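In this document, chain identifiers A, B, C, D and E correspond to the written order of the chains, with residue numbering beginning at 1 in each.
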Amino acid sequence: MITFEGVTKRYADGTVAVDNLSLQVPTGAITVFVGPSGCGKTTSLRMINRMIDASSGRILLDDQDVRQIDPPTLRRGIGYVIQQAGLFPHRKIVDNVATVPYLLGWDKKKARARAMELLERVGLDTKLAGRYPFQLSGGQQQRVGVARALAADPPVLLMDEPFSAVDPVVRTSLQDELLRLQAELHKTIVFVTHDIDEAIKLGDTVAVLRVGGHLAQIADPSTLLAEPADDFVEGFLGRDRGIRRLSFVPAEGVAVRREPDVPGWAVVLDADGRPLGWRADGSATGASRSGTGGAEESPGADDPGRSPASDGLLPFGTFDPRTDSLRAALDAALLAPSGCAIAVDGDGRFEGVVTRQAMDEALAGAGARRSPGEGTASHG
Amino acid sequence: GGDPLSDTGASAAPSSTGSGSAAAAKVVVGSANFPENVLLASIYSQALQAKGVQVEEKFNIGSREVIYDQVKNGALTVLPEYNGGLLSFLDPKSTAASKDDVNTELKSKLASELEILDSSPAEDNDSLSVTKDTATKYSLTTIEDLAKVAKDFAVGGPPEFKKRREAQFKDVYGLTFKEWKPTGDTTADAIKSGAVQVGNVFTTDPKILINGLVPLQDPKSVFSAQNVTPLVNKAGANDTVRTTLNAISAKLDTAGLVDMMKRVAVDKDDPPAVAKDWLTKNGLA
Amino acid sequence: MNWLIDFFGDPANWSGPGGIPARLLEHVEFSVVALLLSMLIAIPLGLLIGHTGRGAVLVVIAANAARALPTLGLVVLIVLLVGVGTTWPVLLPLVALAIPPILVNTYEGIRGVEDDLRDAAYGMGLRGGQVLMKVLVPVAMPLILLGLRVAAIQVVATATVAAYVGLGGLGRYIIDGLATKDFPSTIGGAVLVAALALVVQLCFALLQRVVVSPGVSRRSGLR
Amino acid sequence: MGEGEPLIRWAWIGRNWPSIQQLLVDHVVMALVPVLLGLLIALPLGLASARWRVLYQPTVSLMNVVYSLPSLAVFIVLIPLTGLAERTTVIIPLTFYSLAVLIPAVVDGLAAVPDHVRQSAVAMGFGPMRRLLQVDLPIAVPVVLAGLRVATVSSISLVSVGALIGRGGLGYLFIDGWQRQFSTPIIVGIVLVVVLAVLADGLLVLAQRLLTPWARARRTA
Amino acid sequence: MITFEGVTKRYADGTVAVDNLSLQVPTGAITVFVGPSGCGKTTSLRMINRMIDASSGRILLDDQDVRQIDPPTLRRGIGYVIQQAGLFPHRKIVDNVATVPYLLGWDKKKARARAMELLERVGLDTKLAGRYPFQLSGGQQQRVGVARALAADPPVLLMDEPFSAVDPVVRTSLQDELLRLQAELHKTIVFVTHDIDEAIKLGDTVAVLRVGGHLAQIADPSTLLAEPADDFVEGFLGRDRGIRRLSFVPAEGVAVRREPDVPGWAVVLDADGRPLGWRADGSATGASRSGTGGAEESPGADDPGRSPASDGLLPFGTFDPRTDSLRAALDAALLAPSGCAIAVDGDGRFEGVVTRQAMDEALAGAGARRSPGEGTASHG
């Protein structure tokens, strides 16, 4: 647990970067600081490992004031990841990762073994270990940065816009990687970003800061989307808040009917029971062909690319009720001409469909989850 | 190509050319790179200017080896020379020692473009000098006395010494020095500090006096007569130039030269100023 | 070419205190001592101001002005003041000549290291000195070496001036050759100095390979 | 130096001021002409090397060799061609030294023109010559000026070596002082050379400020 | 109209960057080239103004082969905007913008006047005119880049990832700005991006390229989302296709009831008739208070920040049926605890609510818009 107690930072030139900030960063979870440029995110983060010292107030790390710890010692126990990764260009990847173990006096062999293990863990080919940073892509460098921060197994990780310099596709994979890692490691992570989507995706808790270093709101992402504390937060969250909130509602609760009654439409499956598309089925009113197996096997079944229109089949959307969110289910429904989402299992095999009414109920249920008064929790 | 330093290609010379007429508009007065020569050149230059000759000064250029050619090709018109030095430069084997012998021989050896004017009585001889202590310790008065100790002595002098003199001393006096050190302008200091035991310094060098050095006598006249003598490029000089410079030579004597050099080297008066005073005193300007 | 044959072909030029090996050794000695002295002064100073950022403007301005110091003038002045017999009159001006490029390049090299890198180093718990020695210096190494190389070449070329005040070194051949109109000697001396400078270049190229991490040199496209 | 000789005889300076002034003028001419010539030659050579990169390495290597030649030796070699104690004899080698600094500066300056800027110029319909004059060269100015500063300062300092062949501007004062064991001219010479260099450098900095208000203050050296 | 006729570009090293590309860029509309890195977008774009010449095939600009036009002349008639803006660092902003007019020989005063006008048009303070590029933020520089490209009023504008170097917030505003400008100017714009969201937002037509310079699909954004031609395009479009498609369906068609029947919930309005929130209304079963005006005026009405929970009011979402898309309407519905979106007029005044059933029908209608066989249109 990291606790900010009335922390203020005033720079030499008089700029108040952080103003009387009090909040708690829970142990073992990801807390994201998000806010517009210049709102004091970096300053707040760097006060934790004393790269910057607070002007007033206290920061407690597990009940100990960080100012009572010698900065280098403090920092060796806190991983730190920054935007361009900050890798040492003159050291090979493996030695970059082993930096802190070396500092801690580990034996060289052990430190390197640890480094190799971490490279694997962050999803890098260990063949890269002998390369120099300039030989790696931006995304790979960023992964090395994460590995390096984890090397001495610090309980706390500070990450300052670590993924903002890479392109959107790589960024997404880095985010997924981080979530996967965190599921294994349960570090206490403070993550700074100015990208609200990233904050919502990664944060167990999201702290929205406003310029001047004021805390505007701190809450879990779902609450944040549902109940922004004020216009500033609402504006910062952007549009689609309602739809995005559905990401936090599992699709499990949606009623899936194995033999649905969709007037005028039928689902066509392949030999393995995977859906191929919807067919406008004037004759059979609503009788889905599901379950009847390969009877309707499509000629295009061996074509890996779906081109439903080629044989009169129409596009469809699927979701897996066990792992997907309600958002995915809704999207699946909206893609289908019938308006019904198709539920599939982990292997993509047909499980049933969600009728429009069932979907409507699930959505209403998501909206009604909150009872009056619950919103007050969001005022930090 | 040949040795560029002896390339006399007149066409490459930027100033007046060797084929210029006697009425050449401008007289270029040069000097070697030591103060006495600069002083003499200043005297020549100022006297000529007083006579209305247009003068360009190119002082402190280098050693005889370098500037002789410059006079020959007309880049320089006038140069204060020393007759003995010039002769041994032109003919290292020459044994002429007296002023007249030297001048006679010199005139025959001189390039056709050049002439020497009247020599002055003033002399600035080369010498081999030692400290008083050394002189006493090894009872040295002449260069001959050096023969017995030369193998333990380091000798210093201007860079020219090695090329021009070393062999002569070996041949004439049988001197083989332990070591040669190019002490250049610091020769007097080097002798005094013991860096060399014996050195080639000029007799008018005030440092001989300042440092109390003893010039050794030269009975076999390796160092020939060294009368100050104007060397001129025939084509560049007219009669005004000749008469003016001859008038100077008539008035210049060794004592006067030593006096002037004291002012230049000890009192730090500048050569042009000293030259001017001398010219005024002698009614030449 | 025959001047070179005259000069290098003359056995007298190869032995004794005036021979090429001895002169070369003297020249190298001046140069190395001068370079070491200037490194001793300029590198720590450059590291200090680069690392702390304090006094940088002043030092850099002073270093630039020092570039203008005429070596010949300094040499003769110092001989006048301290007399002959020591090598200080050459060493001091050469040191003055070598300090500016070393100092300025060291400073610029350290200062030019990306802030990110500094941050990362401190953030991992390196102490000030460790950050300097383990991160900043290796990364700034190409620039530091460049400064040293420029300084070394200038020193080698300029050490010839020593001969003017009666000191040794390869300049002897040049100065004496000038005085005695011995052209082969002048050219021979110049060729020796230029060759020595080329050897110095080569040494630095090799040194660069050895001391600069490939991660740094290849990143910035240096040879 | 003789006993009791003061470090500086102030009176000497006053007495000789006119001749010092002459030396100063001579010095300035011999120092600045090479830099200007160097710039004039370095521009086309630099442009060529920037365009045909194959030329660059050989040019720079050659310049490095030139740079490592002792100036005195080069002066001497030139004497038969240009004459003893002539300005040209000093100016030619110094021009080469300036080139050694300026050619890389021009190439680096042109390399500093961001690719996207060059692309936009082409895309807006600049022809090659126009682009060079209105876009590439102006943007290269700060780097070229930085090189010019180094070239100018070293040129001013190097002229004095010319005194050894009879034409060294203020360097004459060193020889003169040396031969008479007289420190005053030497000190005056050193001071004037440094003042001259600092002044020239200052003027170039000023020129840079005025010419390139658009460039962030980046290089200090 | 710009026409690519079997255009191929093979670089000197043998790389085929564009392979037999044929497509048409309609006049007066925005055509976006989108695709992964290295797929030949930039190459295709630059062949139009002959920064690169095609190896084979023809490009026609209004029926004239571009290879018959002298390149500088051609280029002066085509605006070009790139990522780093490519501003001339040594020229003031106003002179940067006036570059092409100067080249065309306009008189200086006229060129500058034009530049000032354009600076205003792209939303820049004309006070910036006297500054140098380094004194501007990235977003401002990009605006200057657009102004510069427009200076000589060229009919065609080529834009190569113009907004990809600025942060997401600024990027959004630049995109909006571009759309606003285009609504006034009706240029023929070819816009390159690797960001599919940007492509869908800006493009009237979107051409998806695949590595090797092949055209994968060219269609309007809605069709693209509904019927990706193959797996590559579908993968490239990413998730939420169904929901994103709703952006192209106007909300007009949704039934709004002025006196709705929402069991258990009521809308509270302020004095001006603007909604303040939903109230759980156990007593009045479904009687909306709407229309009854200020009777329920909230004490927090003068608070500009909505904090509905403070007086038992719950969050709500609104949309304007005249200007918003169905996506906005759906979002509004999902934000409300009642599951019903509130429709407002241009001034934000209550107009009615959309019942869950009405929303369901609207969504089904959007899905059913397509008839079988329509999908074939998407194969380019």
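Things worth noting here:
In this text, contacts are C-beta pairs under 8 Å (C-beta built on N, C-alpha and C of every residue); 3 or more make two chains touch, one makes a residue touch a chain.
Given the structure is predicted, the values throughout are model-derived calculations rather than measurements.
Between subunit D and subunit E, the least number of touch steps comes to 1. Across B-C and C-D, it is C-D that has more C-beta pairs touching.
Annotation: 61 Å between the Cα-based centres of subunit C and subunit E.
Mean C-alpha positions place subunit B and subunit E at a centre distance of 93 Å.
Mean C-alpha positions place subunit A and subunit E at a centre distance of 26 Å.
Each chain gets a centre from the mean of its Cα atoms; for subunit A and subunit C, those two points are 56 Å apart. In subunit E, no position touches at least two other chains. The set of subunit D residues that touch two or more partner chains comprises 76-77, 163-165, 175, 178, 181-182. Looking at subunit C, one finds that residues 79, 164-165, 175, 178, 186 touch two or more other chains.
Across the assembly, chains come into contact as A-C, A-E, B-C, B-D, C-D, D-E. For subunit E in complex with subunit A, the touching residues are 37, 167-169, 194-195, 226-227, 229-232, 234, 239-243, 245-246, 280, 304-309, 312, 314-315, 317, 327-328, 330-339, 356-357, 359-360, 363-364, 366-368, 370, 372-376, 378. By the touch criterion stated above, subunit D contacts subunit B in their complex at residues 2, 5, 9, 12, 15-16, 19, 76-77, 79-86, 88, 163-166, 172, 175-176, 178-182, 184.
Note for the complex: subunit D touches subunit C at residues 1, 64-65, 67-74, 76-77, 149-150, 153-154, 156-158, 160-161, 163-165, 168, 170-171, 173-175, 177-178, 181-183, 186-187, 189-190, 193-194, 196-198, 201, 220-221. The residues of subunit D lying in touch with subunit E in their complex are 114, 116-117, 119-127, 130, 135, 138-139, 141, 212-216. Residues of subunit C touching subunit A in their complex: 114, 116-117, 119-127, 130, 135, 138-139, 141, 212-216, 218-219.
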